[in-house]
Amino acid sequence: MSLDDVIVRALEEDAPWGDITSEAFLPAESVAAASLVAREPGILSGLGVFARVFELVDASIAVTVLAHDGEPLVPGTVLATVTGPARSVLRGERIALNLMQRMCGIATLTARYVDAVRGTDARIVDTRKTTPGLRALERQAVRDGGGHNHRFSLSDAVLAKDNHLAVLAAAGIPLGDAIRAARAKIGHTTHLEVEVDRLDQVEEVVSAGVDTIMLDNFTPEQLRAGVALVAGRALVEASGGVNLDTVAEIARCGVDIISVGALTHSVRALDLGLDISVS
Amino acid sequence: MSLDDVIVRALEEDAPWGDITSEAFLPAESVAAASLVAREPGILSGLGVFARVFELVDASIAVTVLAHDGEPLVPGTVLATVTGPARSVLRGERIALNLMQRMCGIATLTARYVDAVRGTDARIVDTRKTTPGLRALERQAVRDGGGHNHRFSLSDAVLAKDNHLAVLAAAGIPLGDAIRAARAKIGHTTHLEVEVDRLDQVEEVVSAGVDTIMLDNFTPEQLRAGVALVAGRALVEASGGVNLDTVAEIARCGVDIISVGALTHSVRALDLGLDISVS
Amino acid sequence: MSLDDVIVRALEEDAPWGDITSEAFLPAESVAAASLVAREPGILSGLGVFARVFELVDASIAVTVLAHDGEPLVPGTVLATVTGPARSVLRGERIALNLMQRMCGIATLTARYVDAVRGTDARIVDTRKTTPGLRALERQAVRDGGGHNHRFSLSDAVLAKDNHLAVLAAAGIPLGDAIRAARAKIGHTTHLEVEVDRLDQVEEVVSAGVDTIMLDNFTPEQLRAGVALVAGRALVEASGGVNLDTVAEIARCGVDIISVGALTHSVRALDLGLDISVS
Amino acid sequence: MSLDDVIVRALEEDAPWGDITSEAFLPAESVAAASLVAREPGILSGLGVFARVFELVDASIAVTVLAHDGEPLVPGTVLATVTGPARSVLRGERIALNLMQRMCGIATLTARYVDAVRGTDARIVDTRKTTPGLRALERQAVRDGGGHNHRFSLSDAVLAKDNHLAVLAAAGIPLGDAIRAARAKIGHTTHLEVEVDRLDQVEEVVSAGVDTIMLDNFTPEQLRAGVALVAGRALVEASGGVNLDTVAEIARCGVDIISVGALTHSVRALDLGLDISVS
Amino acid sequence: MSLDDVIVRALEEDAPWGDITSEAFLPAESVAAASLVAREPGILSGLGVFARVFELVDASIAVTVLAHDGEPLVPGTVLATVTGPARSVLRGERIALNLMQRMCGIATLTARYVDAVRGTDARIVDTRKTTPGLRALERQAVRDGGGHNHRFSLSDAVLAKDNHLAVLAAAGIPLGDAIRAARAKIGHTTHLEVEVDRLDQVEEVVSAGVDTIMLDNFTPEQLRAGVALVAGRALVEASGGVNLDTVAEIARCGVDIISVGALTHSVRALDLGLDISVS
Amino acid sequence: MSLDDVIVRALEEDAPWGDITSEAFLPAESVAAASLVAREPGILSGLGVFARVFELVDASIAVTVLAHDGEPLVPGTVLATVTGPARSVLRGERIALNLMQRMCGIATLTARYVDAVRGTDARIVDTRKTTPGLRALERQAVRDGGGHNHRFSLSDAVLAKDNHLAVLAAAGIPLGDAIRAARAKIGHTTHLEVEVDRLDQVEEVVSAGVDTIMLDNFTPEQLRAGVALVAGRALVEASGGVNLDTVAEIARCGVDIISVGALTHSVRALDLGLDISVS
């Protein structure tokens, strides 16, 4: 689903047969000028999405973007201006804000995690716990906040998790064999990652040849032991129990990657406003 | 966009060309049984969506629903079981959880607001600050949490807000005239609501004949004065500055409706798990 | 389905793999100028739709609109001009006319009903008996003809009809209880209407609290009695047996709303022509 | 657009976010049985469409079809039965009737034209003046009424009309040359028809080699002269000014084909009812 | 599916969430100019498709077309130029080439067949053995190569093949009767063709009245006998066993039509390159 | 685009408004049984697609699959049987064969390349030169033929080609810097590959840190030198000038990956037949 699809569907959802308020209240010829303003600090994300909403609502709307994604938000600063028919500006307002406030919320939260691990080599990455239909936008917001993306989907990297290991165990297939068989089948550009939840699984996984090993719900001591065991033979990803209170200590354990579901599954919309003046 | 559309798109987004992990790791014939379990208290919402995800992934999956939307969640209780080919169960897991955790999060938050105003006549209602593409699901979650829905979209009720009033003012059209003209144009089933942000606007609006008047960002004293002024001639909706600390006092001001954007714009996913056993 | 969707689908339906006549007969460089002309009197509706068809066929076509929806049609008057590549103009002609002739037909018929009740307070409204896929256009045509719209769909107002009442009766649920329960569930912007087909049902319905009561297939005397009974506590809608011979008498019974299925279910296309000159 | 697409879109149009009346009023477990009954005479068309609507609404609905498209309708006869959850039956009712009443209306009108030309060799055929989105259904209804179909679209037969001839004339291309050039380009399965509006055009067109010549708005005498001139070298189609008063005389002129726009552009919905009983 | 649909889907397939190489490697402001060059001889087809790909990728790209479909390709000649943002040019490159190389391959192969039958009256035509989703483009390529199109689909001409005849035989329906019954049902613009695989079937088919008879897998002698038997009463199509070695002899048997599945089912992409220079 | 989408679109393309031959010729109640038979040797691919076509045409068709993708085809062997209404079986026949013949053609060609490099460590992989809309099917066919897949799309691996390098050069950005910057931006699961066309570029690329280096259009001696230079620090992919005559020598140069555009851009459909018997 392309960005335009996301926006067109959102607009249709928000007005399946027109904006009856504007039709009933507003003169067709009224023109409005609006300013997008941050009402709280944070990290900017989604200006392109914001602009595209208005372009798709009405090609006669002019949007001027005055800032860049990834920049810090200073409350009161004008981030973009929107000028056009009042009915059209009001038609796009809510959808543009709904999308952009979510993206800024994600970027802002991501930046807090990234700040927390500054000075370590750990990367903050997202997960598949994204909002259905909005994954591409939410991943962009993570990048705007200074984070990195994990695999986009089930199709572009192998990540065998506890449930896969349970199926293998039930089928009597040794994990190392399974990893080697998988490597032989997948393309040479496909990353191979396996999750373990116990230290004693690490050696079998790493020696079978993975690109990344995920240590799930390990304590800091276990993480340090895991990193030592892996000894550079694969990247090490920490997951589970990550929050702003714990992330710095996790990072200092020497892991390469820290995945944080909360970046996208529990988002507080950042407060942005569209201040409209009329002429 | 129907529920099936939402789910099909989410599934495609999550695996545009297949789940390469399952293909590489899991025997095609492995069968998995999974239990949906709450990991924290809250209000249940979205069991039908959860079940429908698996039906659309693979018609041979059997889902048994053991609870009802709107019920309180007891951590550890099994809410539903899912049995079928392991590849298919894992294919649907993340999408089913992503949708349902969000719905439970909304229902749970809504219930907290509803509890806070218990004993008053005020209704807690949602807004258009919903996730693009998921509005129908989020509205259902609000209802499951004991809240009520505001208008679904720009198409099904008139709500003239500050921006509309500004356009009218710029065009030199008295608000009372605009309200009467709108009433003459709209259908007899169309609700007419107008937002004001000052007490001195109330009389003009109410005497022009509205179904609901929204008092935006009023202090409690202003709300009480507004309710008195309206005197039953219209429903009174309070909006702005509503949170769990303020909502009870707002409700006690005698308003009929309290709209809360946070119900849907800042959702914390509720923790649910799909515990999988393999045979 | 947006207007553009309706048009794009109509164009695809009309030429799934091109207009083989134009390709075989017309020089690619020929330019045509066309005039949209009414060939019979009536009420104009759908000029925006007409223009949009040609814009979607070929962005290089210029359409100039010379009249306004809702105006009376004077046979022979040029309503719009269309200039562009001959192949493109002919490509759009039939679809533009098919849509607009239907809309003018509806507007014209609606205006006859509206004229027939002039001097009363009754509104002429449409129903859900619209052409699948074209409801939004047909509703606009009703408005252009001076009528009003009933609810758009099953989603935006409650209208309990005879079949609903039968289900309630079979379930042993008193109608008044059902109305009160429904009111408690629906949003504050949702209109609540109930249909009755006997006078003795009126009091129970009105006293339970509805916004509109529909009196279905009532004789004029029954309608007058019904209006008296309701006594202003709800709007009164008359339905059933409404035609141009009966509508004036029905209106004089004091009802607020008269719904007419024939406005959209039995439409005679108004005769419009696209006169093409070639250069 | 397949039949399922037509129905799914119609259902979505009729309830973008659910049937709030049924949700508010009807117990989820209520079951309804309904009978489709004709309320006036005519020709049956669209039973398959009717049944498919309910199948798509809810796979648990059982539809039993008791008649066949093309049969005469006897008022009061039960044409089909529908049994299933009351909410689902009511959900599909209006769309099923909207589609089928239109199809029966078309079939009934077509049959009147076909009856009027009985005893001649003339066929009654439809035109491209169909309802956007419903052409396939309307063509089926014409066949059910005993008529035949003209080309489906601009893609499957060549029909050069007055506007094409005007473009050729402006480009200085003799019509006979154009016809021969077109024949050389089009596929061997593609029918080639040319419209003329004057007798003196007939010989040039026929001798250039067309499959059908359309005589547009000819008087009966002109039609007879045209038929004589063509002398079996091509099929002859009469169009323009065809109505139930004129069609018999036109047919007796010896034309092969009579095209009637009114079959589909001005349809009166036939009165059908869905009588619901509840258990 | 329109051309734009084909292209948009191809672009989405080729980058469901963006071109991560360009994002990671290329400055957003870099501009590229590219030349489309043939690397081997052949027949040109698909320049409009090529140009449209870039228009849909980025409206700011300028495409200048310097040749025409149907012309011979001279290796090294520049066929079109493309100038625009480097990221956008590279985004469209592969899809534009994938589509156009296929079309040129088809046109080139078609031209070889057409050349082989030059001097006879036989037409080279395509079949339904086209690439799913690309039939319209592949048919255009056949025309660009000098061939003609057979029916587009199952909907626009009748072609009864061996399997249909087998069903009729099993049902005890004489073929002549079936042909006459079909003719009575189908529209007057619908072409009626029947396939036979034995000489002794010819007379029954032709005398029942078909527009074309297909002689499938006939030897040259049988073809000559078949043409003699038909004696101008229908077009004669040869099919089966047609390749560049046999087609000339088949054509000299006097058939009107030779259908060649290989035109579209076994295509060698023609070598085209997009040479990019950067500024 | 899911497999079902591909099939549904292909079916609609092949019969936008029904199969008029079957409707005109075949009794609705006729039943057909068909056997899928290979008519030439090769490798089987696409049985699941074949079966799905018929399931989507008519749920009452029974398909029994008697072989497995990847197996060698023995001419005359029955691969699957299809039984159902004759109209439905004929409706799906052409599309099922069009898709499956292409897949078998690709698998068969791939197997020839894989056979040619047997005994070396080189993998045969596909490219993005696939048929628009069919990439997922064509990739599966490559795997069924024993090949491996390269990246699926522009979104799931970085591959900087000559054009990217040219843009970097024009922008004055050293390649090594660009590679290091890209690595810092992309996710940890994203593969990073760079193409070079000269030996002297190898060291800069490899020492900057890539996962794979593509040596484009290298002679065998250059390939050997390249492999020696890389010395295991990255995978080595050979591309350009690969055909069945050259691939073995290329493989013996010690490269890891050999990409072959011809696997998918120039496919000869494998000859399969659906032999139908009627009852």
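By letter and in written order, the chains are A, B, C, D, E and F; residue numbering begins at 1 in each of them.
To be clear about the criterion, a residue touches a chain if its C-beta (ideal position, glycine included) is under 8 Å from a C-beta of that chain, and two chains touch if they have at least 3 such contacts.
Only a predicted model underlies this, so the values are computations on that prediction, with no experimental measurement involved.
Residue numbering at the subunit B/subunit C interface overlaps substantially, since over half of the positions present are found in both copies.
The rotation that brings the Cα trace of subunit A onto that of subunit E spans 120°, given to the nearest 5.
Averaging C-alpha coordinates per chain places the centre of subunit A 22 Å away from that of subunit B. Work out the mean CA point of subunit A and of subunit D, and you get 52 Å between them. Separating the CA-averaged centres of subunit D and subunit E is a span of 32 Å.
Counting partner chains per residue, subunit F shows two or more touched chains at residues 12, 16-18, 135, 152, 155-157, 185-186, 190.
Residues 123, 125, 143, 148-152, 155-157, 185-191, 193, 211-212, 235, 237, 256-257 of subunit B touch subunit C in their complex.
Interface of subunit F with subunit E (complex): residues 1, 6-7, 9-10, 12-27, 30, 32, 86, 90-91, 93-95, 97-99, 101-102, 105, 128-135, 153-160, 163-164, 166-171, 173, 178, 181-182, 185-186, 190, 265-269, 276-279.
Subunit C makes touch with subunit E in their complex at residues 12, 16-18.
In the complex of the two chains, the subunit C residues touching subunit A come out as 2, 135-136, 139, 152.
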